[in-house]
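The two complexes that follow have chain A in common; it is paired with chain B in the first and with chain C in the second.
Showing the complex of A and B:
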């Protein structure tokens, strides 16, 4: 039996409806339980001495004065921790040539970025630990720092890791067709340089971990703000030499992740190592400076790109040369080469064209390590592609919507393989664009823009089509040798009172995972979502799974939940059929009752069935299966990734006197396949858009040429605030994936993927009559005034 | 470490309507005092220098930054946190509206956001969307994009004004 998704009046029709999040009321009442809210008996706190130099040899460490601080219990150097914790190497076999040196939990002999942990101080309070940190005297011998991406491979640039032979971490060249010939014969070739700034996630809850080692039980328990509890379980077990089965990772409420909390951080592993040594609970909560200097950064790319067109505006070729600096180590275990690799995979994504060349060059630097952050590589690839397409449209005098319509893959052409060798199962670029045009009333907006221009106001409209990679298979990490699960599982059980419990390997970071699971399970079993209790984030309790990343929670975790729920439904119906002397096929479960399928007449409440099974099993036939618990796992097999698509538009005004951009409105149409909970999807899109707007207008990590971090606070690193953000209109086209019954693809990163390009194109649309163009993010007032020629020095 | 920093200060105040007497380190921030000494973990420490608003609590009727206020400063004050405001029922309509509109995702900013929003609603009966955005601009939310929060404050203001007229 399949679910009649097309019929909104079907019984138990919770998939596709906005149902409340079961975990939201506790959060508005301040009853959440984030890691820092947990206090354990005998708990101690750790604070870290961090390198003030981008690159330095560590000579003497004098902790004598620190030892004397009241409350200080132990002080650990890199060598101390290395005795119980092995180093790791952040490479993946399928990213050919990727190299990175071994990285220790605390720096041994040498520090390689400002903020790298060097010494750990454990004390009875965080305040005492911090006081002692300030008293530790580390004798550093500064070494030359490599900070510029574009000269990192030059012969006269010092080597960060001499053993590796050069500063190149990874390089990939992809070629399809004949780009040179296409460029040579083209009607028009447009080239541009783009730059995306170094960002970080700025989760309001800083990175947080509390680790307890109980030697009597031989068990480590880590309360961790993480997106991937099972991955962390493996990592802690591997590097602390514990059986995987003796490490339990518990992930309760998490105060924002966005990709920041899916990585292995040296200070967090050091915290676990210290718990192992001290045999008591150790808590580490990053402070805000630690967040800025040691959370992963992302998006630090410099690009040269070209597009070739024929006279009708058809794209003939795209050529991309992408460079990125990733810090001194490739981050473990997902690596820091994925972002550049994604740029190669995603450029030109919405368009049908034949000739494509893209190269990414990933170099080491003495800055904070970069790694996967929300919409990995997408904002860069979309900015390159959509920036080029808009410039090309302007160069041949074509409307930016028209040039896209002439080049986007036709909605009926799927399946199709892109010049980047990405396989698309089914996308809806044209339908999405049509819906966007209706929502924003494009022609009226153009008229408004013209009217504003008459009054001396520079307004711009920017469009950005995009694809988004979701529902990853093992092709993302597993084939490269990482123990990161692309499969996910769900156990669904019925308890004696007829209530349902669902345990899932995907995690809740605030996006609404538990609500999504509750409604999928509710529909799958045939009960109200309010009777489903969802449990996530505990490796000792839930089925093994990957957690939350790459927009996989609904598409993969949701499908596992649906299959488990439907299996439980079948088990319940078999018992009910026996009890009622009926054919299981003639029965259904609706709103917590076994009913006759045809008439809907109630036959047996689930709590009565539960009572009989659990307490009066003697009255049932001896050979009757009565397993009211079912587990199913799901993994995608047909496609490496489930691509989604969408299109965004920005309407904004540029103050040409001050360079300030005012966002007037923003639109997004996206196609994430089956929408399970419209409200949650829309709010994911809105939140994602605003994160993208931050990158477009405000966010930039600054280092000086010595590798000193210049803006390590929220006052200096700007993120979007309420007053500057626009209202956003969200629409959907639904092209379900056929890989699963649920048909859901991911929605968590679409907003972030497309927003920066939409804003860039809108600003350039506003500036074009004045002769200005900007391609370096963030688009600050200074950069806009420079583009206008107002500032020239 | 200076002698002054080691000093302890006696404070007597009310927290969520209940009397509290404590001897606090002179350097302890109000947010740490509430979280670690009083077990009130609803408000959070985040930026730790008064920018993000996650630590916002109400002191003598005004929303203040728990990370910029010393515990020693609140001697004699009346302090309310999200836990007490919840128990008193005074912001239940606002909380319910946050849940219904999904104006929170990770929830880390929400306790501070509620205190700031309630302060605006107490000051202005029917704030415009621009006024709401301006008032909440000291409270960062990294998840929602703010629009749902603005919707909630606008709708609660409308509902409360409607009740006032009837």
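Showing the complex of A and C:
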């Protein structure tokens, strides 16, 4: 039996509706339980001495004075931790040539970025540990720091890791067709340089971990704010030499992740190692300065790119040369080459064209390591592609919407493979653009812009089409040898009172996963979502799964939940059929009752069925299967990734005297396949857009040429705030994936993917009559005035 | 990071506060709204402070008429400044400045005395009192002392107040009929400290123009004031850009701030003229 998604009046029609989030009251009332809320008996705190130099040899460590600080219990150096914790190497076999040196939990011999942990101090309170940290005297011999990406491979640039032979971590060149020939014969070639700024995720809850080692049980329990509990289980077991089965990772409430919390951090592994050594619970909660200096950064790219067109505005070729600096190590275990790799995979994404060349060069630097952050590589690829397309449109005098219409894949051409060799199952670029045009009333907006211009106001409209990679298969990490699960599982059971419990391998980071699961399970079984309790984030309890990343929770975790729920429904109906002497096919479950499927007449409440099964099982036939619990796992097989698509638009005004950009309105039409919960999806899109707007206008991590971090606080690192955010109008086109019954693809990163490009194009649309163009993010007031030539010195 | 305070005591009145300060062996710090001090302590930029909480001292808060002047208690909160009817009528520059200062939660706790004593070069109130020609009233071991605003701000976070002096009040002249006040600033996001800002006061005696976030202390832009008195806006802009010494940081370069100051001055002039017209 399939679900009649097209009929909103079908019984138990929770999929596709906005239902309340089961965890919202808890969080709003301050009754959540984050790692820092947990206190265990004999718990101690750890604080770290961190390198003040971007690159330095660690000579002597004198902790004599620190030992004497009241409350201090033990002090660990890199060598101490290395005795129980092996180093790791962040490479994946399928990223050919990627190299990275072994990385230790605490720096041994050499520190390679400002903020790298060097010494750990354990004390009865965090404050006492910090008092001692201030007294530890580390004798550093500063070494030359590599901070510039573009010169990292020059012969006279010092080597960060002499053993590796050069500062190159990874390089990939992809070529399709004949770019040179296409450029040579083109009607028009437009080239540009782009820069996306190094920024970071700024989670409300900082990185947090509390690790307890129970020697009597031989078991380690880590309470961890993480996106991937099972991955962390493997990592801790591997590097602390424990059986995987003896590591339990519990992930309760998490205050935002955005990709920040899916990586292995040396201070967190050190915390686990210390717990193992000391045999008592150890807590580490990063403070804001630690967050800015040690959370992964992302997006630090410099790009040169070209686009070639024929006289009709058809794209003939795209050529991209992308460079990124990733810090001193490739981050374990997902690696820091993925972002550059994504740029190669995603440039030109919405368009049908023949000749494509893209190269990414990933180099080491003495700055905080970079890795996957929300919409990995997408905002970069979309800015390059959409920036070029807009410039090309201007160069040939064509409307930016028209040039896109002429080049986007037709809605009926799927399946199709892109010049980057990405396989698209089904996208809706044209339908999405049509919907966007209606929503924003494009022609009226153009008229408004012209009217404003007459009054001396510089307004701009920017469009950005995009594709988004979601629902990854093992092609993302598994084939490279990482124990990162692309499949996910869900167990659904019915308890005696007729209530349902769902245990899922995907996790809740605050984005609403549990709401999504509750409504999928509710519809699958035939109960109200309020009777479904969802349990996630415990490796000892939930089915094995990948967790939260690459927009996979709904598409993969949701499908596993649906299949498990429907299997449970079948089990319940078989028991009910036996009890009612009926044919299971003639029964249905609706709103917690077994009913006649034809008439809808109630036959048996689930709690009565539960009572019989669990307490009077003697009254049922001996051979009747009565397991009111079912587990299903789901993995995508047909496509390496489920691509989604969408298009965003920005309308804004540039104050050409001050360079200030005021966002007037923002639109996004997005196709994530089946929308399970419209409100959750809309808010995911809005939140994603806000993060994209942050990258476009505000966020930038600054280092000086010695590798000193210049803005490690919320006062200096500007995140987007409510007052500056525009109204955001969200619309949907639904092209469900045929890989699953649910048909859902991901929606978590689309907003972030397209927003920066839309804003860039809108600013340039506003500046074009004045002869200015900007391509370096964030678009600060000063950069805008420099683009206009207002400030030159 | 966790703050490392040396201690805490609540003063019941000004003499008590001074007594606690005298006994603190140099570690004493007056605590008013805590919106700058506590933030600094939480980043361990200041350690071991013996906090002397003056926030509950009676009589140091509120706005009162004092002949031709208004007297503003040092503990008057930013939010109270913003809604005080006497200030709105007689010193609207201060009322208007409040919306630029931080966010509601901070304005509910921060005090004008704290903002002045803290002397952040990017803060609004210091520039306001400079433009208004205010007098600061301090009380120390040697009794009361009046300090003109022009002589109060000495360097970044440094004022003419001695360590053991309390700022008790600020008095400002009431605006004369026809007097105009304008504050203009530009910040990256609402509530952020200004990239640059200025206060323009037009009185019968002439213009007063103060600039903030354009050097180590807020300054009176005297060259620009003279040009404004002469009715030459272009010369005023040029003079202003020459007499400020902004620095560069991660938000903007000195060149940008210098340019911005000129733009803001033109806008301030336009607003004053618009108001008069």
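One rule holds in what follows: the second predicted complex is superposed on the first by the 793 of 793 C-alpha atoms of A that agree within 3 Å, B and C clash if a C-alpha of one lies under 4 Å from a C-alpha of the other, contacts with A are read in each partner's own complex, and residues count from 1 in each chain.
Simple rule for what comes next: a contact is a pair of C-beta atoms (placed from the backbone, for glycine too) under 8 Å apart; a residue touches a chain by one contact, two chains touch by 3 or more.
Since we're looking at a predicted model, the values are computed, not measured.
**Student:** Contacts for A:202 in the overlay, against chain B (first) and chain C (second): which applies, first, second, both or neither?
**Tutor:** A:202: touches chain B, not chain C.
**Student:** Which chain, chain B or chain C, is in touch with more residues of chain A?
**Tutor:** Counting contacted residues of chain A, the larger count belongs to B.
**Student:** For A:287, decide between first (touching chain B), second (touching chain C), both and neither.
**Tutor:** both
**Student:** Is A:698 touching anything from chain B or chain C once the two structures are fitted on A? First, second, both or neither.
**Tutor:** A:698 sits against chain C, while chain B stays out of touch.
**Student:** I'd like to know which partner A:489 touches here: chain B for first, chain C for second, both or neither.
**Tutor:** The answer is neither, since A:489 touches no partner chain.
**Student:** What is the contact status of A:793 with respect to chain B (first) and chain C (second): first, second, both, or neither?
**Tutor:** second
**Student:** Could you look at A:131 and tell me whether it touches chain B, chain C, both or neither (first, second, both, neither)?
**Tutor:** In the superposed model, A:131 contacts both chain B and chain C.
**Student:** For A:714, is the partner it touches chain B (first), chain C (second), both, or none of the two (neither)?
**Tutor:** A:714: touches chain B, not chain C.
**Student:** Check the residue A:723 against both partner chains and state whether it touches chain B (first), chain C (second), both, or neither.
**Tutor:** After superposition on chain A, A:723 lies in contact with both partners, chain B and chain C.
**Student:** Return the residues of chain A at which the contacts from chain B and from chain C coincide.
**Tutor:** 127, 131, 287, 713, 715, 720-721, 723-724
**Student:** What residues of chain B sit close enough to touch chain A in their complex?
**Tutor:** 1, 25, 27-28, 35-36, 40-49, 51-52, 54, 81-83, 86, 95, 98-100, 102, 104-111, 114, 129-130, 132-134, 136-150
**Student:** Under the definition above, what is the set of chain A residues touching chain B in their complex?
**Tutor:** 20-21, 24-25, 27-34, 36-37, 39, 69, 127, 131, 201-206, 253-258, 287-288, 509-512, 679-680, 683, 686-691, 713-715, 719-725, 727-728, 751
**Student:** Show me the residue ranges of chain C that touch chain A in the complex, using the header's touch definition.
**Tutor:** 1-4, 43-44, 186, 188-193, 195, 250-253, 255-256, 259-260, 263
**Student:** Across the complex, what residues on chain A touch chain C?
**Tutor:** Touch residues, chain A against chain C: 125-127, 130-131, 134, 287, 289, 657-660, 698, 700, 702, 710-711, 713, 715-716, 718, 720-721, 723-724, 780-782, 785, 790-791, 793.
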